[in-house]
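Across the two complexes that follow, chain A remains constant while its partner is chain B and subsequently chain C.
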Partner chain A sequence: MKVFFFILIAIIFAPLEASCAHILLVYRNDIKAYQRLVNQVKMMGKFDLLECQLNNSCSIKNNSFDFIVAFGDSAAKYSHQFKKPLIAFFISDYSLAYKCSSQRCLYYFLFPNAKQVLTKLSEILPTKTRIAILCSANSLSWISQPLKGFPFEITVETISSSEILSNLRKIFRKNYQIIVLAPDLLFLQKKVLREIIKLSYTSKKLVVGFSSQMLELGLPLVITYDYEQIYSLIPKAIENFEKQKYISFPISIFINKKVIKGFPINFDEQ
Partner chain B sequence: MSRFLACFLSFLVLASQALPAEIDDQELLFLEVANIATGYPQVKFEAPSTVTVITEEEMTNMGARTLLDALRLVPGLEVGLDLSGMPIVSMRGLYTAGSEKILFMINGRPVNIVLTGGGTPFFADLSVNKIERVEIIRGPGSVLYGSNAFSGVINIILKKEVPTAFSYRRGSYDTDELSFQWSHQIGPAFSWANLSYREDSGAKMTVKKDFLEVEPLASQNPNFPHYHKSNEWVRRGEYYIGSQFGSLLLESFYIHHADGGFFNLSGIPSKKTRYAREDFYFHTSWSKKIGPFESEWHLDSNYYHHHHFVDYFPPGITVYDPATSRTYTFNYGVRWLREAEILSLGGETRFSYRNKKHRLTWGLVIHNDNLHNPSLKENIDPVTEENLPYLVKIPKNWIRSADRFYYSFYGQDEWKPFSWISLTLGARWDNYDDFGDKTSFRAGLVLSPWKHWRFKFLYGEAFRAPSFMELYFKKCPLTPRQGNPKLDAEEMESYELNISYITRYFQIGITFYRQNYYNLIYMLPDPYYTLTFENSSSMATTDGIEIESKLVWGPGNFNYLLFSYSYQDTDMPQKVLEGSFINPPYHLITLDLNYRFFSKIGLNYYLRYVGKRDNIDDYLISNLIWNFYSPCCVFSFGIYNIFDKKYDLPSIDEQRYPEGFVRPGRTLEAKLTWYF
Partner chain C sequence: MKIWKLNKDNLIVRLFLSYLILLALFLLFSLCLASYVLHSETKLFLINSANDVTKLLKDDIELFLLSQAETYLEEAKSILENYPYLLGFTIYDNKFSKIVSHKRKNYQEPKISKFSNNLIFEDPKQGKIYSKLEKIEINLNDVTKQKKLLGYFRVDISYDYFEKPKKHLFLTETVAYLMFALVAAIISYYFSSKLSKPINILISSADKIKDGELNIQIKEKTGIREFDKLIEAFNAMTVALQESHKRLKESHEHLRIVAEFTADWEYWQAPDGSFLYISPSCEQITGYPVESFQKDPSLYERIIHPEDLPTWRQHHEEAHEKQQSHQEIEFRIVTAQGKTKWLSHVCNPVYSNDGRFMGIRGSNRDITYRKELEEHIFQAQKMESIARLAGGVAHDLNNLMAAIIGQTELLCYSSGDDTMECQRAKKILNIARKASALAEQLLNYARGGSFKPEKINLNKIVEETVSLQETSLSPDIKLKLDLSPDLWPIYGDPHQLSQVIMNLTMNASEAISGEGCIHIETRNVTLKAVLESIPPGKYVVLKVRDTGAGMDKETISKIFEPFFSTKEFGRGLGLAAVFGIVKTHRGHIRVYSEVGKGTLFEIFIPAYREEDESADK
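This part shows the complex of A and B:
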């Protein structure tokens, strides 16, 4: 009877033991959000975890893991050397996606791409709105897919970082109604962002930002992910990665209602 | 890499942190950042010094015409005038003729003129059109910046990356200012230019009482010209150009300035008096980063030309000289021309190393100042003492040729063992070939135990090398001041406690400080009315409280209220008080309210209260500015001193001008900036 019992237990646990994947977590531990996510993954208890904290000592000597979970650009860049399947979250450098085959690597970007943003905008904006997408050479890859099929007149304006203040004024003088900012470090420079906010108000041209912080700093409209939801979805995304499934993160429109009243755009109330 | 470029890159660094900010808690990311406290960008509330930052937006909104207008936002900062009408900037109650106790910097490089030791001759009334922001340390800064960073440091960050624009300003007293700014990327070089020219006929104010205790209008001699109005005309050009090739920076700044002074030495101005000076500054820097190490190399050169033509004592005046008990009659009046040139050359190399918890900085400074070609011409024969209708060269000069060489070593460690605590320690050793060596220390402990609170405990030392005027000025009967080559440097130590509460929309900081001064240089009168520069053997102190706050609200965060209050109590030895010029007000209050209407129109109300001091009443002035903003232009119209309050600024010498320096009442200005 005892022998049968042990065999039964072995049968029950053997597949579990076999399915417990070894994963390498790569992240910067000075970012609280990453620490929080790492703890979430640990709490799942479904993986054998190996950790690599980029800003502490990180020396991975063998490839005894099944796949890599990376948080952030630097973690993803570091992970490429291992030639293992990679799932990377919070990627802002779109060029990283070209450095790894799509079958081996899965990237969840920090911000929704141009097509996703415009799709979201089409839910609230009237047709034939004249839209300019503002980007630099660095963020041009954000517009990776052809922007066709939208009910807008879309123009892509590429500006150089060295003459940005001058170029911004020229763009705001043009006949656009909406200006969409591509996710770019350039637009997060304090001086540049403040100039964009000032020009947006004085020219009454709605600027769509990509970071919820921009909303608090004065932009009336931001389209991006809802990061609180992403926290809860990331463990699921890691689980699904084993099964070669991709889950999409929900995109939200954040509106500062007090501010947006001052702009001559008719929104769909819904 | 230049400090300015480092500053520019710092925004990139901050921006790169902003991406994780999406998923992290970095509410304080968009607070004002300054490089001035450590040489690296830091949120001003976390810097190991008491720091104020004035932004371009604040200067535009408040209708600031020159840097002086903007500086009045700084707690504990006061403005006065010297005999020639040159502004004197003082901080924390320490008030001296050439503002030599404050270090002026352009893009992080010291630019004080060694002749007087101060930076006000050129930089106090800099046009705001070329200023991107101003960073101010209230308190000592000698460990990083050496001499003159005594009671404060003012770092003027000039604009480089600008939209092409032209602006014109027109105001009361025939004030006209033209400005042009441009920047462009040409191949690997990014170049910029910022040029401006200003003319101002100046206010014509009645001189109530003069040095000779004579009412100008009631002159005893009916043949005297009735020079009873002040004479403050200004002609000034400022030309700043530069280029950047990767990490190589080249920039130059040429300023020529001429004005008619305010009073001349008799208190009876003449239209012929002309104080002129020009300054050509050139700076180049290069930087290299290898792993955790970074090096910066700077070369600075400065050419200063001093040209002061003074026309005073109207023809026919009789003067009694108490030193000789003689009476002199000047049939042709008295005129003189003083000239000198100063060439300064210097270099600095700075290294830094950064790891997880430490940032080490160390550097070497080498500098040489050379005063040459001094000359003095007067219309009094040096042998016969005859009053002449023309100028003759005087063999006994007004100042002697001089040369000063110094080198300095400094080091600083910023240690951050935990995220809520940082400790900064620094030391500097300076060796001057004229007065010897000085060592300065600093320590700053910054605690952030709770999310919105910051506590700073600061200790700092500073010194000020005596200026060439203080060392080598030669006395003459009409300006009985005499330099003293034996002077030692002034020294000070400062203890500060700063408590700040900061959120995105409201910030307030309260600073309690005590500053002790040693060896202060003052003018000691002798029985023959000759004033000789001496070091005081007694300690002087200033105790004070400064409050600085900002409240931001409304769409776009355009609406704000800036408020500052400072209380300062200076305790000086009696002989310093008598021989020098310490007369600070106890209370200073500044309020600046900015409100945006209809997205394009801004209204700004500025109010300044300066408390009562010895012999000078308190006063309150306020300005009202309308701004109209559009992507192609900005138009502003301002009423300055809207209630037409007459007020006096303190003068360098209370005994000479008991009425102080009376200032104009209400004035109007309009300005249009057009962007191409």
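This part shows the complex of A and C:
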């Protein structure tokens, strides 16, 4: 009988014990998207949450959580010290992937990597298109995988911040048809981006951006994640991380149809 | 206006006026300059600001035209919000068709028929507006410089935005400037007053000095170091001036005393002949006032005696024209009273410090008295020698006559009284006695005869002598006696003095032809100084004046000579005897005579003194 009660109690409490995993949420409170995601996680009600807001007081005294959910590069860096399983979202520093201190780290990057982008481009571009991937030393790690098997002539152009405008002009004068921008803060500099946009239009070379905002700023084509979908997928990704499953985020092609026709390139209409 | 006219020469007004004129000119200049600067600066600011905002917009608009991305248009709009002077902008395509226009609320885009760049136009409601049109081109090829025109955009900028603050600043500055100018004017007036006060004191003090008030000292202190030093210097100057004036006055007084208290006629005659200076004694000598010579310099030449004029002219010519110092000359002048005076003249040319001929400095001394004295001495010496000669002759003649008379009386006595020889001897005796009497008279002249003095009253002798002579005088001649009642006694020989009176009366009666008058007068006279060689002392004076024919000077000079007579049968011994008797009595004779008017003899006989009598004894 005692054994029966024990088993009964175990049966009653075992699922409860399993559904309430302890999670440490590390994020910067001043970024609204992270707040939104934290709220979504809280709304799930499936985890015992411990929060660490990097810009406010964050004092974690014990390691009584099961894994860490980090939003952003600084949160991921901060989380490495706990040596706990880590799932990090919106990582822009690709080198962080090599610095994982736990036996289990999963990084969801802010932008799709080069292979993903080129794969997406291969869906719409004709073969043998001459493509240049423009990156700096910081963003060279974005091209982590060998770019083989694509039906394009791919060249990687590395550019430094010194005399960037004149170097950009030199690159744009080369015989490329499409220039893909690696996700790099350098290209988000207003001056640089504007020059890239101008050169794109004046040289009639299609520039592929990595952020949907770039589309608004005038780039004719952007390949990146659909962030609205990502927001809804993140809770699921956390759940799957607990279950040691991985889900991939969908990648979208954003085209500025008003201007795209001005470029001398044939797209697959579909 | 009246006050202005009254005070325009005042230092305060002048300083204040100068300040106001400078202030007005400066204000005018400042206004013109400020207006020019305001306009230039406003335009410069406007153009610079337009360029700045154009440059800012151009990038966004260029990107907008290239990418059609509304983001850039929004950015351009945000620029409009950030630059309040930017009223609006309009984007045109390359065919100048309006694509989009964005403007500030309440700003109405101007209706411009034909747009031109850098246009300033004035809208009645919105004020001045500056429009700038910018072309947007892109480089298609850096090598060939091929460009493509994307479009245009125009910016409208408020001119008033730049002008108003500057106008306000200009107005504020002008008001502040005027206020400062007012304060400065008040300060200027205060300092002008402070400056003019010591100057006015100095001016009034200088005026007092000009009026001869040299002992002036300024006691006021102005508080301005330079003026106080000036006042100290002025006070020191007045002290020095007083000293200088005192010395000058003393020097002038010395010169005046030297020049005016000299008996000589001093003068300074300029090269042109005018008199620069004539001493007051000129009038005393010539009888003409100094002014007569100063008004008419030729008077000098005119009063010179005609006989001496050639000598004087020669001297004057040498002194003036040849500028030679000359020997002293003597000449005569005829005074204003008609008298002839002897002058001793000496003159020298004078020169200034720089050697310029300044005229002749001359001196005329009245030497008439000296000349007369010389004449008198000469006459006395002549009379003395004649007397000595006459005395010798008379003595010898008297001795001879004594022998003749003795021999004649013996002859008569030996021949008998009734004899022819005795009669002839008596005639010889009579002639010899007359000759002896003549000799006696000569001796009277030469030695005064036998001199038997005693203390006598001259009035008594006059009365006795006149009573004896009255009968022998012509009835047409009146004899008047004016005898001093308290006449001092004299020490003299009554007989000889009686002869003097008799001889003078006789001469007077002989000088009167027809009616006339002989006036005999006695007086006591005390001489305190020498009078024409008559030594000072107490004298009894006998005056015999007649209204006869009178004598000329030449006659006067000879009347006391023996044997000189103007009468046909005169012996010329009467006045010679008078002269001898007076000399014996240590007396003096003065003669005044004018032809046709009469003659006056004055005989000075010393009053009686006991010591004379005791010395005689």
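Here is the rule we go by: the second predicted complex is superposed on the first by the 251 of 270 C-alpha atoms of A that agree within 3 Å, B and C clash if a C-alpha of one lies under 4 Å from a C-alpha of the other, contacts with A are read in each partner's own complex, and residues count from 1 in each chain.
We take it that a residue touches a chain if its C-beta (ideal position, glycine included) is under 8 Å from a C-beta of that chain, and two chains touch if they have at least 3 such contacts.
Just so it is clear, the model here is predicted, and its values are computed rather than measured.
Enquirer: Would chain B and chain C fit next to each other on chain A once aligned, or clash?
Expert: Clash.
Enquirer: Which of the two partners, first being chain B and second being chain C, lies in contact with A:K128: first, second, both, or neither?
Expert: It touches nothing on chain B or chain C.
Enquirer: Based on the superposed arrangement, let me know which partner A:I197 touches: chain B (first), chain C (second), both, or neither?
Expert: both
Enquirer: Check whether A:I164 is in contact with chain B, with chain C, with both or with neither, and answer first, second, both or neither.
Expert: After superposition on chain A, A:I164 lies in contact with chain B alone.
Enquirer: Contact-wise, after the overlay, does A:N55 reach chain B, chain C, both or neither (first, second, both, neither)?
Expert: So A:N55 only meets chain B here.
Enquirer: With the two structures laid over each other on chain A, which partner does A:K148 touch: chain B (first), chain C (second), both, or neither?
Expert: After superposition on chain A, A:K148 lies in contact with neither partner.
Enquirer: Under the stated touch criterion, which partner chain does A:F90 make contact with: chain B (first), chain C (second), both, or neither?
Expert: Only chain B is touched by A:F90; chain C is not.
Enquirer: Can A:A33 be said to touch chain B (first), chain C (second), both, or neither?
Expert: A:A33 contacts chain B only, not chain C.
Enquirer: Of the two partner chains, chain B (first) and chain C (second), which one does A:G218 touch, if any: first, second, both, or neither?
Expert: Both: A:G218 reaches chain B and chain C.
Enquirer: Which listed stretch of chain C (148-156, 274-282 or 310-318) steric-clashes with chain B in the superposition?
Expert: In the superposed model, chain C runs into chain B at 148-156.
Enquirer: List the residues of chain A that touch chain B in one complex and chain C in the other.
Expert: 169, 173, 194, 197-198, 201-202, 216-218, 220, 256, 258-259
Enquirer: Quick one: which bits of chain C touch chain A in the complex? Just the residue numbers, please.
Expert: Per the stated touch rule, the residues are 59, 62-63, 66-72, 138-140, 142, 148.
Enquirer: Hey, which residues of chain A end up touching chain B in the complex?
Expert: 31-34, 55, 72, 90, 92, 110, 160, 162-166, 168-169, 172-173, 185-186, 188-191, 194, 197-204, 211-213, 216-218, 220, 224, 227, 230, 256, 258-259, 262
Enquirer: Touching residues of chain B toward chain A in the complex: what are they?
Expert: 11-12, 14-16, 18-25, 29-30, 33, 57, 161-164, 183-185, 190, 356, 504, 555-558, 596, 599-600, 629-632, 675
Enquirer: Name, in rising order, each residue of chain A that touches chain C in their complex.
Expert: It is residues 169, 173, 194, 197-198, 201-202, 216-220, 256, 258-259 of chain A that touch chain C.
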